[in-house]
Structure formats: structure tokens, C-alpha cells
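Two complexes are shown next, each including subunit A; its partner changes from subunit B in the first to subunit C in the second.
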Partner chain A sequence: MSGLAAKASNCMQCNVCGAACTAGPVNGLRPREVVQRAAAGDPGLADGPEPWKCVTCYACASQCRAGIDVAELFYELRNEAARRGRIPDAYRAVAKQVLASGCAFPVTRNTARMRQELGLPPFAVSPRGVEELNSLCRAAGLPDLDRHPEAPVDAGAPGKEA
Partner chain B sequence: MRYGLFYGCAVPSRLPFIEKATAFVLGKLGIEAAPIVDATCCMDPIVLKSLSVDAWLASSARNIALAQEQGFDAVLTLCNGCFCSLNETAGMLEEDKTLLAKVDGALRGIGRSYRGGMTVKHLTQVLEGIDPSDLAKRLVRPLAGAKVAAFHGCHLVRPAKYAKVDDPVRPTILDRLVDRLGGVPVEYSERNECCGMGFTGTAPESAAERMGPILRAMESAGASFVVTPCPSCFLQIEGAQRTAGLAFPLPVLHVAEMYARAFGMDGKEMGLGYHRVRFAEEGVTV
Partner chain C sequence: MMDAGRHPKIKVLAGSELKSVSGYIGNFTAVVRQKARMVSSACTSCGDCVEVCPVSVPDEFEEGLGTRRAIYKPFPQAIPSLFLIDPDSCLGSNPVACGKCKEVCGAKAIDYAMRDEEIVLSVGTVVVATGAEPWDPTPNVEYGYSRHLDVLTSIEFERMLSAGGPTGGHIQRPSDGKEPRSIAYIQCVGSRTQDPCRGMTYCSSFCCMETVKTTLQVQEHIRGVKQTVYYMDIRAFGKGFEGLYTRSRADGVRYVHSIPSSVTRDAAGRLLCRIADPDTGELREEAHDMVILAVGVKPRTDSDAIQKLFTLSRTEDGFFLESHPKLKPVDTPTGGVFLAGFVESPKDIKDCVTQASAAASRASILMRKGEVTVEAITSSIDPGLCTACGQCAKVCPFHAITVDKEKGTATVVEALCQGCGTCGPECRFDAVSLRHFTDEQFFNQIDAALEEEPEKKVLAFCCNWCSYAGADFAGVSRMQYPGSVRIIRSMCSGRIDERFVLYAMEKRAGIVLVSGCHIGDCHYIDANKSTLTRVEKLQERMRAAGLDVGRLHRRWVSAAEGRRWADTIQELADRLPSVDPAEVSKAADWARDQRVKYEKRVEKHREKRRAPKPAMAGSGAGGAA
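Right after this comes the complex of A and B.
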């Protein structure tokens, strides 16, 4: 059991996290249940849709009465899924973009023109920056982005209950 | 204090007018700041951190290490996401020296190093720190009673353990910044909600829907425009207007733009014409 999951056993099931959750009303995420399943060591938790339903607003963690870092628990579960190649397509695409350009949002033709008209210099991450970033991510164990899971990752479409 | 200016990626590559307004405001205030050379994006706190906390931490730390190496005293950000990534990284490395040694080791592998001790600020904090008499001297176009909806977003104030900018549940720093320029911050029911940017990857339709009730609450409160400290919230607020069912479009300004206007920057020079929801000179009391 990870440190966060061990802490999850302090949960009193008060559901303040659920009341604070941004995602819940939209996609049915129930952080209280995720904490409960983590505390119980549910082995299927990371591979289900729940971890990817979180929008990382950290509202749950900022209000937890038991001091559980609920948001970090979601990151931990996502990291675990990603190590097995279970990465939603949109996350894979952004991560590839970051490794290729050094940026999550690269300049478009439109915004390049806008910069010019505003009198701003062209914007791009330097080749040295991109190279160092790739080396660091490789060394730190960023999962292989070309390894795909056997079944597509269900990232919790709206209205879908867990 | 000399700041290493961290523009991130959404500002320079989607909303570059915010970059221009920021340079103007810092110049007017005589704040010394220059871009950090060879920086990458902050390392997206939603996507990269979700795939590998270790890779996110090391590459976020690299940006802070560059600022240290280039002789800056602190890092200055214009984006909640950048602030969240960089400030959390700096905070984590400050409280855990074993982690610092590990990250420094990874950085040495690419010829960099981080010895700790750097701080990360969001522009809102710098603006709040302006001496009232300095502000009065520069205030050439006060908000003159304009009603403004302050939308803080999430990552300016959370994770609470590291952010420490304001109350993590009910922040008011932006309201205070509106008030100082002579505007009236409006109270509205959805003020502490998330903009929904985190849905864009897995449920884009939810991301658009998310802002609807927030925009309608701002409109009901009589706001003439919205101010936000974050380019992601900015994109969300502009993007959701077509489906929100508002009687009139609700323009949005980044906090740097609100201050640039108040300090006399011309709307055309600022690039207000590039906003998707036009910030009209007429009909908005600014």
C-alpha cells in the first residue's frame, strides 16, 4: 500500500470532498468512494475510469477534514495506470506535443501573425530546451507514449456513472 | 528584486496580448524582469503530472534551476497552471532535502543544477504588493465604479499547502485588485468554481458547459467584464459565451491587461482587438 492509500484509511466518509468536487456533477466522480477503495487496496481502481475523471482543481484536498491529500491520490492512481500504458488519447497527444516542442500549446500560424502585429518576437522553446526536457523525462521514467493498452482507456465520459 | 519572467505557453502562443500588457505594467512599476532563457513550458500540471510525477517534478525544477543559474532572485508567472507547477515544485524541494538531492542529481545529468531557495510568485501577488502611493501616481484610467466579476480559478490558491496566495476556498485577492483601481468587485454565486479546463482532454463538451452557469451568475450580478489571473480560465470564459445564453457578451481581461489599461496603455496597442469577445470602449465604463 502506498503512503497516500495508507493515509486514506483515516477517511471518515464525511463526503465533504464530494460536495466540493468540480467533476462529480458532470461525470459522476465520487472522490469519497475512490478514497474508500484506495484504503481497501482495491487492485482495479487505477485501471478504471475514476482516476481520469478528476479535473485537478484540488478542492477536495483543500477541504478534507481528515487531512487526506485526495488530489494527490488521483495523481498517484493516474501514474500507476500510465505505467501500464493506460493513458487516455488526449493526454498522450498533449504529452507528445510537450516532448516535441517543449510546450503544451505551441504557436499557431494565427498567433504567430498576432505576435508580429503586436511587435513581439517569435516564440518557440529553444532546441536546447527541448533536448534537455526529453533527456530529463526519459531519465525520470516518463512512460512510453507509444505503448498502447489492449482496451481503450475509459476516461469517464459525462453522465457515465462509475 | 529581479524577476525571471516565466511566460509559459498559453500566454505567448495563444494570448500574446497578455505578454505585452505584462511588460508594460512591469515597466511602469519599475520592476526589473527578463525572460528566463531556454525555459520550456511549466510542465503542464494536469497532463504531465498525471503521467509521471517524477518527470513533471524534474522538468518543472529545470525551469527554476535556469532562473537561479541566470541570476534571478525569483520566478514570476502570469498563469495559474505555471504558478501551480513551479511553486509546488519549489515548495516540495524546499521541505524535502532528500528529494532536492534526487532532483539535483537528475538535473546534473543534463548539465544543470538546483540548490534550492528560489521562490515563485504570481503576478497578482506583485500587483498586490504595489505601494498605494506608487499606484496612485500611475493610475491614469481608473475603473471609475465599473462592476467587475473576479474569477480566480483553482491553481492560484490550490494546492493550499504550497499556494499560500490567499484563502484556498474563498479567495478575494482579485477583488482587492479591482477595488484598488476604483472598480466594484461584484458578488456572484459561482465565484469559487473551476473553469473546467481539466475536462478538455477527456470531455470537451463538459468543458464548454462548465462555464455556462458561472457566466450567467456574473451577468446576473451586473458585471460589465470579467478579470482572471489565468490564460486557461481566460480561454474557457471566452470560449463558452456562444452557448451560455447571455443577453450581452461578457468581455474578459487578464489581470495584467486590467492594470495596463488603468496605467494608460492604449487599447489598440494592447491588442484588445484580438479578444474573441470584444472589450468595447463604448458601453463599458472603464
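Right after this comes the complex of A and C.
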């Protein structure tokens, strides 16, 4: 986590990230607090709901005076959480869906019909493509998706502020 | 200002531009272009002309909040107290076009034919006090400076508060002219940011106290006004500043530790500042009647021209560099040139006055004495060997070398030479030498340093100001590093001739290190840039000769970097055991060949110069006798 702390240590606590945050009003995310905790090297930061509350709109990063890419910080926290096996169920389901079909959003009957109406050919990722994607993900260090954490991960869903 | 204008020994050249400066300490010649005022000194300041002038343009002094005429006085206390015509907006003398001011001028002071004048001044010392520019907050789009009329900069607001300003000291919303009931201040606009579009990295230092002062002034102007200051840090460090800050808070001014992410305008015309509550993090929009952006300053855009005129150095953020941050805070590397005010760094009025007084004192000490003692360490050029190729003059950071192509020699102006010696290594014919740091001294030191077991030594060439001091600092801090290093001091790393490095190779030194100040920190403006290119060139030549480049290193170590010095020596000493003796021999042979080649060339040149030439007879340049 020292890399995160070094990045976050530039923070002047001006709170402009909090004022720019689009997720905050919905789920109570406080980016200033997250950056402060990252700077202090809080080891429990990746285990909490904060990493998953961010919607990665980059509004904070675009306004940050200290040059900290706050949204990138959230990605790093998510990676750290994933390495610890603490992936929220919803993210786990999406990852599994991608590995199985090659698509984050499944091709439903509705999309198939719309493609037909627009004169587009039927769509599916080829088995070879899916296999390539799987090997790429393995090479990049995607953790075991079937290893579930002991306690369920709180992803900070709206109305469930931690 | 009036006092300066009236002083018998002070001459104020208003509306003037410095075109060129030549010479050196005590003997500067400055060419100044004085812009035509179109109004002579016969002007009595009656102001009749202003009343008839039909032109109206934004007033620069009022930050565009008021207007002025084409014939005007820049501001009421301006020196000299004369009117002037702005040629860009004046309609002209043609009676058909205008010429009204000339008609009404009782003193017959208006002369449209007046042209710019060039004045040549002989001066002994110079104080550079050209100031800085306020940050224009237009690129900080989130604050809507160019969208909302009621968003003003602190400088515009300053004019509005002035009794002599465009509103006569009444605070009014520019959009509807009404008195505001709630004013917000946003701090650090254009300062303390890593984003170059949003501003500068440094703290502009005066804006916090300017805002604190303004809040107190506004509190007196408008009874019951609500004021909110959005800040990231309030820096109230000067004498009495904390007291003012406390008073401002006691007067009911709200200080909110949160910078707004945007300023928008609602249907009622109020300005909404979107902030996150500093305690709860909760998002909210706070409505104000006016928003003041506390803007910082940036170096003047024409700093490059001023830098060239006086051969000055600048810091990373663009302000001019003083000779020493603690001991010579108003001097510059150019003798006889001093700095005062924002040109050196942003500061408040008191610090500007202090620095200006110091610069004036430093200058008058020199003027009073009438003579200067120059350093004994200066370069000299042997006219018998010099070919006037001008290479030395090209690298001289102080422009201290003048090349006379006709006479065929270059000469050093000793009053300008600061003794870095970076000229020496440029000379192909051994014509340049630096007093107290001669080639012979270096060769002898190399001999002595490598007398025993040269392969097991790191030979380090260190500049006096940074690296040698850094090694010293490592020593006094009791840092441990290998004793296999041998240090040779020079004033500047720019003095290190590649011949010294080659000689060390010839003498079988294990590793050679050339060390100087970091780029930008050089005590001789930028002489260490020559070090950089020379070492790189030599490494390139070594590579071409199939030699191990890992035996020649260039590292920057500052005077405060004792740890870095110790680590560097440790790292290089650790490499010593792996230096191959066969490689050392190969390099030594190659280095000897290079030396012999050089000596042959110089000797041939010497003989050529000694041989009597009919054309040069009587000039005595060869010293043939």
C-alpha cells in the first residue's frame, strides 16, 4: 500500500474532490476521507465498502489541485481488495459473465431483436475469443473467482451507508 | 511616490522600456526607449482636455471596472503629474477626425507629432523590480469568472473598495448595482496546484492576508453582511497577522475548510458554491450575492527579455534567482544587479519594502565606495595562443569574454568574470587558464591522488559550492562511506576538462566521478550544462573506442545532500572490485594516445605562432623573442 500512500500524501485536504463527487450524494462516498486514509496507510481501507462506492466518473481527478488521480486510487483499492479475495458478489457475477461469454452485458432476446431490426448480423464472441480472453485474464493475475471471502463484502449500495 | 518624483536625485522615467544593457558592475550603459506622451511638460494638469475627449475605453488601473478617455492620467497620484495620450484609442489630430483636446489646451501642451525617444544612461548599479502579473482566472472554468458578472478577482474587488475607485468605495453587485448581503471568497485560485491550466504550484503568499484584510474592510462598509471564506489552509504567519485573522473570525466571518468544485447561478441571480461539508462530507450548495476569487500571481510574461538583458537565473517557477537564499537574498549572480519585490518571489507589501530597502542599500554601498574588489579567481587568455574562435565566449555564463576577430584574440573582462572556469575546457589550443585552478594544479593533484593502487580508487571531481559541500556535509554528519574516494575540488564542475578525466584514466584510476550542482542550481548560472554535454561527449567517445563507460560517472549532489553523496560513493566503490585490469590498461593506452595527440596539436600551434610572420611583425603577439 506504500505506493498509494505516496500518491495520496500530496493531498492538501482542500475537499474539492468531495464537492465534485457524483457518487457522494447517492451513497455517501467521501473521497477526501479515502485519500486521507490512503495517505495514512490505513490497511483496512481496501476491506471496507469505500472502494466499491466510486462510480469512476473522474470528476474528482479532473479537479484535484494536488495532481492526485483520485479515481485511479479507487481502482487500485479495488485491485487490492480483489487480491485479498474480497470481491463483492455483483462484481464477481459480472466477472464470471465476462469470462464465460466474452461480454459484460449478455446478449438478450431483446438485443438480438434490435440487431435484427437494424440489419446487423447475430452477435456472439467466438469460443476462441473467449478462450483467449480467459488466458489473458489469468496471465494478468485475475484472482480465483470461486474463492469466497469469509464475510460477505459490503459494496456500499445506495441507502446502506456504512 | 510623490516624494520620489520630487527628489532632486531621483529621476523617474515613466512609460519607458529598457532596450539594451551593456557593460558591467560600475559601468553599465543602458538604452531606454521613452514612449511619446503627446503631452509636453507644459501641461498644468487642469483636466480641460479630458472633458472634451469623445473616446471612452476600459480603464486599466480600475481593472476594467471603470472607463477613461484617450487623453488621461494613469491614476491620480501618477508621476510625473502630466496627462498623456493613448495612441491606440486617440482619434488623431486631423481636425476632421477630432483634435478637440488641442483646441482647449490653454498651456499649448499637446503635440501629436511627438515621437518615442531613446535615452542612453550610464549607471553603476541596477535594481530589477519589474513585479509579476496577477493570475487570470478565466481558465479556472469551474468558477465561472467569464460567465458570471458577480464573480470578481480579489484585485477587481480591491478597486471597488477604494474610495477613489470606480464605485467611489461602494460595494455593488456588477449585475444589478445592489449592495450584496452575502459575499464568498475562494482562496488559492491560480496557486498551489499541480495542474498547469489551473495555476502555479507555489503559494502566492499574500492572498490569505489580503482576504482577511478585505473581510474586515467589508464588515465596516456593509452592516450585517455575511462573509464566507472557502480555503484549504489560511497562512497567517507575519507580524500581527494571526491577530487580524482572529479578529475577522470574531467579527462573524465564516471560514470553511473546503474548496468549492463549481460556482453556478440560480434563477434568482444568486451564485451557488457547491461544497462538501468539511466535517460530515455532506454535499450542499451555498448561495451568495458575490464571489471573490483570491488570485495569485505568476512571473511576468516578458521575464525572458529581462533575464537576457542582465544575464540572470530563474527558479523552476519562473521567478528570478537570488545569489544565495539566506546570505545574499537581494543580490544576483551578475555583479551590480539587485532584485526587489515580486520579481524575486511573491510577497506582501512589507516584505517588498524591506527587500527594496535592502537592494537600495546594497547598491549604494557599491556606489559610495566607488570601487569594487573582484575575486582573484578569474580566467585569463594567452593572446599568443588565442585564435579568436570564440568557443570560450559561447559557454561563458556571464558574457565576460569579448572576442575581437580583427585583432585575432579574445579577452576576459575581469570585472565580469566570476571564476567558474568553464571557458578553459573549450579551448583547443590551451590558451585559457583559470588563476588558482590551473591545469598544472589539476594534473599534480591527479598524480598525488593516484599514487598508490589507482585501480582501487574512485577519483571524484567536485564543484566547490554543491558537491564538495555535500561531501563536507556527509563528513560533519558522521555518515559512513568508503575511504577509497579521492576528491579534487574545482570552483565549478564546468572547469573539469576532459583532459583531466583522460589523465586520470591514463593513471589507471578505477572509476572517475564528475560531480556538480543540480541543473538549475548552478552557482554560475548554467555552467554545469557544459559539464553535462562534455561528460556525455567523452562517454560517447569511450563507447566508440570500445571502452567500458561504467568507469566514468556524472552525478549531481547538492550541499544539503550528504546522504546522496555517501550513497553515491558507496555505490561506485562497490563497483571497483569488478573493474577489469585489462580494461584499465586498454583505457590507459587510449587516454595516453589522446593526450599525445592533443599535445602535438598544441605544440604545432605554438610553433606556428612563434614563427615570424611578416604580416604580424611588430605586433608582439607571438612573443617570439
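Operating definition for what follows: the second predicted complex is superposed on the first by the 154 of 162 C-alpha atoms of A that agree within 3 Å, B and C clash if a C-alpha of one lies under 4 Å from a C-alpha of the other, contacts with A are read in each partner's own complex, and residues count from 1 in each chain.
To be clear about the criterion, a contact is a pair of C-beta atoms (placed from the backbone, for glycine too) under 8 Å apart; a residue touches a chain by one contact, two chains touch by 3 or more.
All of these numbers come straight from a predicted model, not from anything done at the bench.
In the superposed model, A:43 lies in contact with neither subunit B nor subunit C.
When the two structures are aligned on the shared chain, A:19 is found in touch with subunit C, with no touch to subunit B. Applying the stated contact rule after C-alpha superposition, one finds that A:63 touches each of subunit B and subunit C. After overlaying the two complexes on the shared chain, residue contacts for A:10 are found with subunit C alone; subunit B is out of touch. Looking at the shared chain after the overlay, A:32 reaches subunit C, while subunit B stays out of its contact range.
For subunit A, the partner touching the most residues, choosing from subunit B and subunit C, is B.
Using the contact criterion defined above for the overlaid structures, shared-chain residue A:102 touches subunit B, although it does not reach subunit C. Overlaid on A, the two complexes show subunit B and subunit C touching the same residues of subunit A, namely 59, 63. Interface of subunit A with subunit B (complex): residues 22-23, 26-27, 52-59, 61-63, 69, 71, 75-76, 78-79, 82, 87-88, 90-91, 94-95, 98, 102-108, 111, 114-115, 117-120, 123, 125-126, 128-130, 132-133, 135-137, 139-143, 155-158.
Residues of subunit B touching subunit A in their complex: 7, 9-10, 12-14, 16-17, 19-20, 37-41, 43-55, 57-59, 62, 106-107, 109-112, 154-155, 158-160, 168-169, 193-194, 196-203, 205-206, 209-210, 271, 274.
Subunit A meets subunit C in the complex at residues 10, 12-21, 24-25, 28, 30, 32-33, 59, 63-67.
Across the complex, subunit A is touched by residues 142, 188, 192-195, 198, 232-233, 257-262, 274-276, 278, 281, 283 of subunit C.
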